[in-house]
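Labels A, B, C and D are assigned to the chains in the order they are written; within every chain, residues are numbered from 1.
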Amino acid sequence: MSDTALRLAGVRKAFSGVPVLHGLDFALKKGEVLGVTGENGAGKSTLMNIIGGVLRMDAGTMTLFDEPYAPCSPAQATAKGIAFIHQELNLFTNLTVAENMFIDGFPTNRFGAIDHKKITSIAQQAIDRFSLPVTPATKVADLSTGIRQMVEISKALLKNARIIIFDEPTTSLSSREKNALFHTIGELQQRGISMIYISHILEDIFRLCDRITVLRDGRIAGTSPAAEISENELIKRMVGRELSQIFPSIEKTISDTVLLEARHLKWRQRVKDVSLKLRAGEIVGLYGLMGAGRTELAKVLFGVEQRDAGELILNHRLMAQVSPSACIGGNAAFITEDRRSEGLLMSKPVDDNLCLVKSADLTNRLGVVNVVERARHNREAIKDLQIRVVDPATQLVSSLSGGNQQKVVFGKWVMKDPKIFLLDEPTRGVDVGARFEIYSIIMDLAKRGSAVLFISSELQELMGVCDRILVMQEGRLTGEVPKAEFDQEKLLEMALPGPALT
Amino acid sequence: MMQENIRRSSGYLSWLTSYGIYAVLLLLVVVFSLGNSQFLTVDNVLLILQQASPLGIAVVGMVFVLLGSGIDISVGASMFFVSTVAGCVLNASGVIPAAWLTDIRGVALVLGMVLLLGALIGWINGMLVTRFRILPFIVTLATASILKGTGLKISGSASIGVAALGDLANGRVGPIPNVLILFVVVLIACDYVLRRTVYGRHLMAIGDSARNAERTGIKVNRNIVASYVICGVLGTLAGILSAGQIGSVSAGFGEGNEFIVISAAVLGGTSLFGGKGSILPGAVIGIILVTTIMNGLAMMNASPFIYTIVRGLIIFCAIALDSMGHQGELR
Amino acid sequence: MHNPSSDCQRKVWSIFREMPILPLLIVSFLGAIAGVPYFCTVGNLRNYLLQSSDLLIISCGLTFVVLNGGIDFSITSILTLGSVAGAYVMALSPLAATPALSIPVAIAVMMGIGLLVGMVNGLAVTQLKMPSFVATLATQLVVGGLAVQFTSMVSATSSIAGLPEVFFVLGGEGRFFFVPILIAVAVWLFSWWLLERTLFGQWVYAIGVNPKASFISGLPVKRTIVGLMVLSGVCAGLASVIATARNGVGMSSLGDKMFLTTIASVIVGGTNTSGGHGGVMHTLLGVLFITLLNNALNLLGVGWYTMMIVLGGLILLSAMSTHLLNSRAGWTWKKGQASDV
Amino acid sequence: GKQQGPKVVTLGLSCDSLESAWLVMNHSEVIKEAKKRGVEVIPVIAEGDAAKQNVQIENLIARRVDAVLCIPKDSSAIVKSIKNCKAAGIPIVMINRSVSGKVLPDVQVIANNQTMAENVLQSFADRARRNGKTYNVVLLIGNLSDENAALRKAGHQKAIAANPDVFKLVAEVPTEWNLDTTLKGLQNALQANPGANLIVTPSDYLWPPIRSVLEQRDRWAKLGDARHFPVVSFDGDEVGMQYLQDGYSWGDAAQDPVVEARLAVEWALQLIAGKTPPHNIIYDEGQIVTIDNFKELGPQVWSYSLLK
């Protein structure tokens, strides 16, 4: 009996002739938490999909607890004790929380009927474990992304798995839930379960993992115990070069011109009397716990949802009717948090996505699009943002890695050179290198006089990038902290619901 | 995602959109019963239910297919095809013993044969949709054409009497029509399957996202094929009952039924994009509304020309009310 | 790496993959020339094009709607109501005495009906959020019912005759056979230009794939959808003009059986009913294919039933070949998307 | 691959649809008759679509048939095909449905639908008046975009209007020539009008649902039985004649598909040979068969030999 839970040797995988994994050797020890990180598109998800039976490898062997292992389907992987929390959420919105948790193995009675009592009670236990604000009978459609992610995690934990794979599980979790999750991971480790933890947040990886494997361009760039490697070294392994700093530093000035002003905005029960100002050259962070209403605020600002009350002044103009097209007309841009359903045309090529907004500027009076100009802009955006794509004219966005998809969304807006930029979790699922690029883009825009509203759940990056941070809690702005007074504890406290501020 | 399910919360409107179709039905009942005292009698209500039952059974089948984000527009043609085959068997002396024709055995035999045929048609549709990844609309359009042509070839386009099925389709147990009893049985059984069994939940999941279902390890193809088989079986059962009610199968039999069936399903709240819908009360209320309009207009002695116009207007209003509060798919 | 012949091969592959109906069309055309008596005669080829023309016009309109993932059942009733209303203007109304006036008015009425019905459909879909499947089914019932009601009011029979002879030019009478063909080609070119070259076309595709993302990207989603429903209606109105002129009378049964042919042309061509993929190029091939089948099988004297079976079989065949081509070519990212449908 | 053998005469046969037994009979009789005379027939069927019928006749012309036989869907729309045939120099013969106006086919073999409908109902009225009975009529209506249906409806209505002392029209039921629509429509009409006591149908094609409805209401009984429900019909096909013989039906206006087919083929061949007919319209006189005259007239109806 060896101490490895899972061993992969010589694993190769190519998509339509383009190799993505080049003969990987990879091992997971029993009872360890193995961190896996690497740039977007390095092949992390592909590798995990092979382990989880979603994809089949072209060549190579896998050994699971000293037995040969070659799953043909996710069900087989599950049967062998592998639980997989996908990067993209894998829940069914028309089913209840309890049903989702048991979707791949309902307990049934003699008549083939689902044992509802049983699944409800087990689901309730799972819910209690993270004290989620849901009942087993809640429809998933009624849940926020963050809670959905927790449900997804609870679902995997229910399976008595021997190996659990987390593919970027915290992308929409608040710090509180993150802590609960990390606590659970610790507990699981105590019970001898091996885990693979994929993330772009190095801080988390260092905190959780025993060893760290770095993937680069489909190869293993090295595996080291977490204690023996520094953050800088890790980044160097990932991107193949020295990255002197995580946040770019750019000299910029904040002018007094207010580009966007909101007064007493209200929307249903989710945004309650919010007033704020964004100045030219300023990057304003918006922090809050999950469900605080930041996304709703951004949507109301951009006219995706119609406000119930309040005024909005965009570029010195009082907006009577706020709609995305009116806002774009006022030179605003909005990156949504849910890129799959709100940001991208998943079944269309990269090109069509990139030029979606810009095309309107490239038309003549008859409405004919200048194809040459369009292609030029697309090429530039792909180059500037370093989007990894084989053939932008034919490759579908759905086949890009998560980070590259996000870059496409970014490219779509940056092409317009917006003056007001609303960003809802723009770095979610984006690797360190690309994050740096995104921060640079944001700062560069600010330097050139744009106003940026930066919504994020990661205090680190907010404190690194922003000039000012607003804190939101249950639909209200509960605090404003200038750069000089940034303090993690203080910000977190403002975000937590309490009797102090009402 | 979230917002799609939040209905506008202002009082009246929200009530109206949740119960819009019931409101329309109620209004119709009031208008019709004021128009003719015969409308709200036990006899007439039973008549409406009797008329609604055969196609209602087909609507139940259609709900399964729609939930798995498919569509089956071959229902009308397969009704025609199987009824033709059944008619030929019943009429061809020597195929089944003459004595059987007059008793239940002949009917049972034909029924069994027809349901098998329906299952086969559904299976073929399902296999084409899943194995060859052809859009359900195209598959069933094509099979509809083939079934219709084959049926016509068999019958030579002439009407075929199916009087032997009359007892089954027109008979009653006490005052209750047989078809109604069958309809209720199908309803309860299918609603149970949909809500309470693994198959039902898996089908809903597939309708929500086939890709996620695949990744979760649900046998997507097998489940979808099953939904077409159910639709095929129930559709042909409906066809046989309907043919039995008429007493004959002619070349035009079943034509356009697919649209009645699909619109009844949609009226009952089933989405054409999968994953959303119900049998109880959805499928039932849809088909009853459609049937009531026709019955009521006849009760009012309305001019025959305006039947289609009124039917169109009412369907329009009912769906409009139902959709108002939703964030629709805009398709 | 750069190999011109393989590049060329890839291009051909990709055309075939995009338009699986193309090889089938070519094969059937060659087959018809070789095996069908009288197919390759001037008279018949003229018929063939004439017969394709109104189908092409109405299918082009429908293509826009299907690209949005919707459907428009009302087109056949527009054909009908347009036909009887136009015929009424030309034959029975006070204007009838002066064809110079009545014909333009009739054409305006026919296209206007299409515009109006399309507008109602569009508003029902965008403002009332009704699925187009039921909204247009309802308008089809209403408009079709109106057509029958109207005919029965103004005429003792089911049709309205006595149209001015000049009007028949639009239907391609005698030596003017090229007129409807030219109109159809013009409509097709316009649709193609609209879809492939203009911003509107980009919007249609984008909204067809993801209306929500399109809305957030500032596209005028509702206006575009109303626009394409109107386009579909107007095309049906124009097809009504041509079909009425071709048949020489206004008929309350015109278009009764046309829907399946139209939708079959669109989807057999390869436009995807789930929205966002396909186009009028596909539709052209679909129309040519379906008309070819009807024409050739008529000439062969193949029975009605057999024709239905053959038609169904060929639709399946063309769809299956798409699948086979896709899996042969091994472009996996296409397939990944197909399983998402 | 065109073969130029000895030239066989080819007829194109364009039929509106093959829904009713009458049409099926007529269709097969034309083919039988043609075969008997050594003539080839290319049949096309328009599925009840007048525009499609014109297209199909265009194709027949392109196919260079020697003559076209046609049961038109729409008597105005078919004018287009008549013109096309004339332009191509091909004779065209109408069967069963008439065409009027400036452009006429070479020959028309038809029955007079309106008069026959009127007469069959009039003879019922005469009898009722003699017996001092009055009737509440449920009138079934065919598909109104079918010329014959419209004419029969007009004939029936004329007879009803002409005998106000006997008839009261209580319901009109649109059938669209669809049996299911007929079934439900009739069920509803009888439910709505409990006093109705006569059904008038424009075609024997609609008998199955009529029978089904009457059976359910326990009114399917022969003449003389207290539960008997009188029906007056049209077409004279085997079903209608059978019910007339058995005493369920009171009268049937019979037109003859066999005679019409023979006449049509006969005249098509004459036209090809260059003869011109004496009249444009050649009538199938038809029979108004009622329970009173069934013994004499019944045997003259084409479907009599098929009766049990």
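To be clear about the criterion, a residue touches a chain if its C-beta (ideal position, glycine included) is under 8 Å from a C-beta of that chain, and two chains touch if they have at least 3 such contacts.
Because the structure is predicted, anything quoted here is derived from the model rather than measured.
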item	value
Any chain that touches chain D and chain B	C
Per Cα centroids, the chain farthest from chain B	A
Chain pair that, of all pairs, has the most C-beta pairs in contact	B-C
Rounded Å distance between chain A and chain D, as computed from the means of their C-alpha atoms	72
Chain A-chain C separation of Cα centroids, rounded to whole Å	44
Whole-Å gap separating chain B and chain C, where each centre is the average of the chain's CA atoms	29
Mean-CA-position distance for chain D and chain C (Å)	35
Multi-chain contact residues (two or more partners), chain D	18, 144
Numbers and ranges of chain A residues touching at least 2 other chains	341
Interface hub residues of chain C, defined as touching at least two other chains	148, 152, 303-304, 340
Contact pairs between chains, per stated definition	A-B, A-C, B-C, B-D, C-D
Footprint of chain B on chain D - complex, ascending	17-21, 24, 141, 144, 170-174, 177-180, 182-185, 187-189, 191-194, 205, 207-209, 211-212, 215-216
Residues of chain A touching chain B in the complex	53-54, 73-75, 78, 86, 90-95, 99, 103-104, 106, 108, 112-114, 116, 139, 141-144, 268, 305, 338, 341
Residues of chain D that touch chain C when the two form their complex	1-2, 18, 42-45, 47-52, 54-56, 58-64, 73-77, 79-80, 83, 87, 101, 144-147, 150, 154
Touch list for chain C against partner chain D, complex	34-35, 37-38, 41, 43-44, 47, 50-51, 148, 151-152, 156-161, 174, 243, 246-249, 251-258, 294-295, 298-299, 301, 303-304
Chain B-touching residues of chain C, taken from the complex the two chains share	68-70, 73, 124-126, 128-135, 137-146, 148-149, 152, 207, 211, 221-222, 225, 260, 263-264, 267-268, 272-275, 303-313, 315-316, 319-320, 322-323, 338-341
